[in-house]
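Per-chain numbering from 1; labels A, B, C and D assigned in written order.
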Amino acid sequence: MSFKSDNCGPAHPAIMQALNDANQGFAPSYGADDLTAKVEAKLREVFEAPEASIHLVATGTAANALALSTLTQPWQTIFCTPLAHIHTDECHAPEFYTGGAKLSLVGDDDKMTPDALQAAIEGWPLGDVHCSQRGPVALTQVTEMGRVYSLDELSALSQTAARYDLPVHLDGARFANALAALGCTPAEMTWKAGIDAVSFGGTKNGCLGVEAVIFFNPEKAWEFELRRKRAAHLFSKHRFLAAQMLGYLTDDLWLTMARDANAKAARLADGLRSVPDCHFLAEPQANMIFATLPRATHQRLMTGGAHYGLNQGPLEGGAADEPLAMRLVCDWSISDDAIDHFVALAMGD
Amino acid sequence: MSFKSDNCGPAHPAIMQALNDANQGFAPSYGADDLTAKVEAKLREVFEAPEASIHLVATGTAANALALSTLTQPWQTIFCTPLAHIHTDECHAPEFYTGGAKLSLVGDDDKMTPDALQAAIEGWPLGDVHCSQRGPVALTQVTEMGRVYSLDELSALSQTAARYDLPVHLDGARFANALAALGCTPAEMTWKAGIDAVSFGGTKNGCLGVEAVIFFNPEKAWEFELRRKRAAHLFSKHRFLAAQMLGYLTDDLWLTMARDANAKAARLADGLRSVPDCHFLAEPQANMIFATLPRATHQRLMTGGAHYGLNQGPLEGGAADEPLAMRLVCDWSISDDAIDHFVALAMGD
Amino acid sequence: MSFKSDNCGPAHPAIMQALNDANQGFAPSYGADDLTAKVEAKLREVFEAPEASIHLVATGTAANALALSTLTQPWQTIFCTPLAHIHTDECHAPEFYTGGAKLSLVGDDDKMTPDALQAAIEGWPLGDVHCSQRGPVALTQVTEMGRVYSLDELSALSQTAARYDLPVHLDGARFANALAALGCTPAEMTWKAGIDAVSFGGTKNGCLGVEAVIFFNPEKAWEFELRRKRAAHLFSKHRFLAAQMLGYLTDDLWLTMARDANAKAARLADGLRSVPDCHFLAEPQANMIFATLPRATHQRLMTGGAHYGLNQGPLEGGAADEPLAMRLVCDWSISDDAIDHFVALAMGD
Amino acid sequence: MSFKSDNCGPAHPAIMQALNDANQGFAPSYGADDLTAKVEAKLREVFEAPEASIHLVATGTAANALALSTLTQPWQTIFCTPLAHIHTDECHAPEFYTGGAKLSLVGDDDKMTPDALQAAIEGWPLGDVHCSQRGPVALTQVTEMGRVYSLDELSALSQTAARYDLPVHLDGARFANALAALGCTPAEMTWKAGIDAVSFGGTKNGCLGVEAVIFFNPEKAWEFELRRKRAAHLFSKHRFLAAQMLGYLTDDLWLTMARDANAKAARLADGLRSVPDCHFLAEPQANMIFATLPRATHQRLMTGGAHYGLNQGPLEGGAADEPLAMRLVCDWSISDDAIDHFVALAMGD
């Protein structure tokens, strides 16, 4: 019963198989292999973006930090929400990779609004050498609270950015889950909505460790290659990144897993709606649930073997009925039994 | 017939198996899993270093840059040879990770001598605020020309460093091949010889992509953890790094593969000694051969299907008897047939 | 009638004289001259801090960025207010000098409170490798809104920092004005109140361009020297920095000028209290006034030859009675006539 | 008798006067003052470069580091000699400001040759992501050994750089001395000879502390402004930088002082030619002399009150006739008497 994170689950067998299949004989190193060429072609097809530049790395933080540093001068500020992963969970990777850019926090929520974005941009006056200079807008889809921007919301934000001539980056660590939730195409959720660059996640959705950085305008492709090598993120046995991503994309495995994970989270959310004193902090739209439960319920769950993140603590001490917030994440591999058992425990059955 | 690099070959089946075995159910992320604990214990045992801090990353450049940046202040200089991988092949990763440290080139060869090291150190006067400040000594074992420092040579260099109170880092991308060549213990080739930190390579010797950074004095372990996360080199599904390294160390697989690779290179070197106008640039000691062949011989080899690095060029044009330098690398998987075929082609048989 | 900034005014004649006096014959460079030794001794005496390390630079941003970078690791966060000069007016100098540290904004005002500070510190959990690590607390005295922390307020903030083992830096660009306002000793406003390092400003208070960085614990003095040289802020003809600072400190000139500037600002504030629809945004305590006036009054002032900063605009268009915020700064050189003329213009006389 | 450095001497009285004259009333800060506009116009006139962008800073290291960082990507290498000030005397300022660029050392002398430059450039292959990428060529005029590149030498070097599409920077800490030695125009020694950017020194030649960075192509002017502010080198009371530089340029004072300094050095060199066992290490061409004298002669000089740099030591101990290298620098203010006295002491008169 692990709802701790979608990076605690196993890789999908088909991806493991792709990895094993790739392990035959010699292959050119550093991305000159056939599988890498194939995965680049496949991603361009998936995104309907024949010009896009594609670059594989092994971690989501690397994808974000490398993509953003390619779009940001050191004296510019990146606009993101206060809950953005790049702000709260990457130990200054964006600041390190950009050489000292600043993150300006927009609004006070996981979702940015055009008005809040405009206010934040205007907060740094143009042409003033003393200030942060305006830089890219960084969005997360699925957001850090499990919500999903609609295509209209994405477009409104990117139009605001475009009015100030600022590029837009999308942290898609859970890109597939968002796509499954919206039921649209990858192109619609990215370049057709004004997104310039994407961190296209594989790790959380059934891979071992692979992410693709995609720039729809490839003019900085060589700079990105240099940044990746300089940051030590260019794999010598690159075929093992490519194989994972290729397995991920083959036969829409990535979408199947994302739909499964979302469906599991929906089943879990449905169950929780019947649990006494369970309150959702955000309406679940993809594969994450943020909700509160009374301390006593948490104690019963944890004693019963459930694993998940408790955002407020401590578990021990305090009133039995004090509401404590939790995060529950479903990956492709979680079973219906585990979900039902969790709900039953929460119900006190 | 690929002698291009030991990062072009496949992973060893036992390591693939270890990876497959690790892919069961849920496991804590970011290194809190059981396999990571096991691999750390195993490496401490292998190195007879119960206090050592152990950190896994996926690339050799990451291992080097993170290890060196932990030992180097931005205003210090790292002492290395002009052929050092950190100088010639890492696209400024050391400079980036250290925040602007300088590499001072010692001697003009792949192997450093104590005298050359001392001269380089004294080249930067002590206590002068205008100069580079003296920092760590960085050695590579196996060297970039395929040679191996003897234990006495390592000790003499580390004693020179110690006289100036400077730490010593060992780039062990081919650590196992050097160890197999020397027939000593890991402890003897590292901390007993005065080495403070090691990049312990797995990738080139049969893994998919894993290296261990080892500090024999663990006082900077937490700083290293922060540096690794900040550089985006902390894997979420960390068990997949640990599994590779554990498979690598189990039943001395790492040493078996290294001995095999060295033996293959010896077989190849023996064959080349009979090839007309073949001249070794360095006496082969591990799994790499640097030698010259006439242009016409290279043309025959390449036409015949051989893959390897030509350090001087171009292959086309120029005199048929002009000597051109090549690098030949053997990994665990190369076959005797491939070697014999290569030699036969070179002989013109 | 310039109330634009205290960096628009002239240097005091006595400081100019000190500069001229220093321009005799040869003197050792890079701070090895006699004047530098004298000014260091003098500052140690002024601060009753015989162990302090003292370092001169030419700009306030250099003083802040160098001092903070000496106290901050790249993965740490600096706690400051959203109005802090280091956040709003230094074009990422702190981020650049620290190698990518983050500024965490405390509260929503120019003055930090212990509660807001504690909440911000606790916002970054201890021992989590993914997060910003807790770093120094950065205060500004006089604040960016012209207010002055009392000694009790400073102590309460530094005690909060001390509970988390965090150092405290004081941006004293207007140190003298604050000291004059409080009527205490330099020691009381710094180390006796728990301050670890100070940017002691001279430029805004009658010098040409000189600031002293003071560390009460000198253990990082050599690191600071290296940081200063590396950042190109070590002057070769260092006597010209020292001479200014020595002239500044001689016969309490610095305090005399600060008291004069504060008195001028008080006279101006008194006058403004009679001006219709003038509202103070913060109670003036030193030499800066933040207030609103109707647009029409601003138009009359500017037409009449007044120079000052209008924080909201534009001046043209909009309703005549719309309140617009302004900043008025007095330096030692402003005349009573200028002040009275300004007030008369504002009154519409 | 100080021949230690041209940064030990006093500022010229006319420059002091200009500084005093500038200290009248209020002036806009941060370079918006009239004097700054005047000095920019004057420098454009002096360099016959009406489009050039001009930026003042206070130290030579700041001029070099800011200029070079504007021309260099972090993954590029700067080509300079092993004696270059930017390599030996700036405590990694170039590495810091560029965010980790590397300095590739060309030749083994103070003067670069086109052949050595070409070899160094070709040492880093084009289009290889693992290597340093080729960046700007950095020359010093007067060189660090007191020699002067002829116009033909400069052009040959810049033509080599241009063949690889690399920009050229000139460290002109002693620009005026070189110009006086060559008897050419500033334009001839810079843009007409293919130089793209100059650090135009004032400090060593009679100013207190001011240098101008000049870009003949102004397309990166705004980036430079941001870099300067971010590095804390933008002066608030900017008129005091401008006043120095304006005084320096008025009535050709800069050239007069440089010619005087060169003439003094020539007088000193002439005297030294008669001193027993004095050997020049480089033929003096401007205001610096590098030569050896026997230890006993040095002892006599120092005992007699001479101040100068001894590049090898120690002075005490060792054979009386052992040759030790010295550096002698003349500035505008050194007297003929001091020179003659020095020579007489060296002669043992």
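The rule we apply is simple: contacts are C-beta pairs under 8 Å (C-beta built on N, C-alpha and C of every residue); 3 or more make two chains touch, one makes a residue touch a chain.
A quick note: this is a predicted structure, and the numbers were derived from the prediction, not measured.
J.: If you take the chains that touch subunit C and keep only those that also touch subunit D, what is left?
T.: A, B
J.: Higher C-beta contact count, A-D or A-B?
T.: A-B
J.: Superposing the C-alpha atoms of subunit B on subunit C takes a rotation of how many degrees, nearest 5?
T.: About 180 degrees, rounded to the nearest 5.
J.: How many angstrom between the C-alpha centroids of subunit D and subunit A?
T.: Each chain's C-alpha centroid was found; their separation is 51 Å.
J.: When the centre of a chain is set as the mean of its C-alpha atoms, what distance in Å lies between subunit B and subunit D?
T.: 42
J.: How many Å are there between the centre of subunit A and the centre of subunit B, using C-alpha atoms for each centre?
T.: Once rounded, the distance between the two centres reads 34 Å.
J.: Touching two or more other chains, which residues of subunit D qualify?
T.: In subunit D, residues 74-75, 90-92, 96, 99-100, 129-130, 133, 226, 229-230, 234 touch at least two other chains, as defined above.
J.: Tell me, which parts of subunit C touch subunit D in their complex?
T.: 2, 4-5, 7-11, 16, 19-20, 23-29, 57-62, 64-66, 90-93, 96-97, 203-204, 208-209, 226, 229-237, 240, 307
J.: Give every residue of subunit D touching subunit A within the complex, in rising order.
T.: 30, 73-75, 99-100, 129-130, 133, 223, 225-227, 229-230, 234
J.: Sort out for me which residues of subunit D touch subunit B in the complex.
T.: That would be residues 74-75, 88-92, 95-96, 98-103, 105, 129-133 of subunit D.
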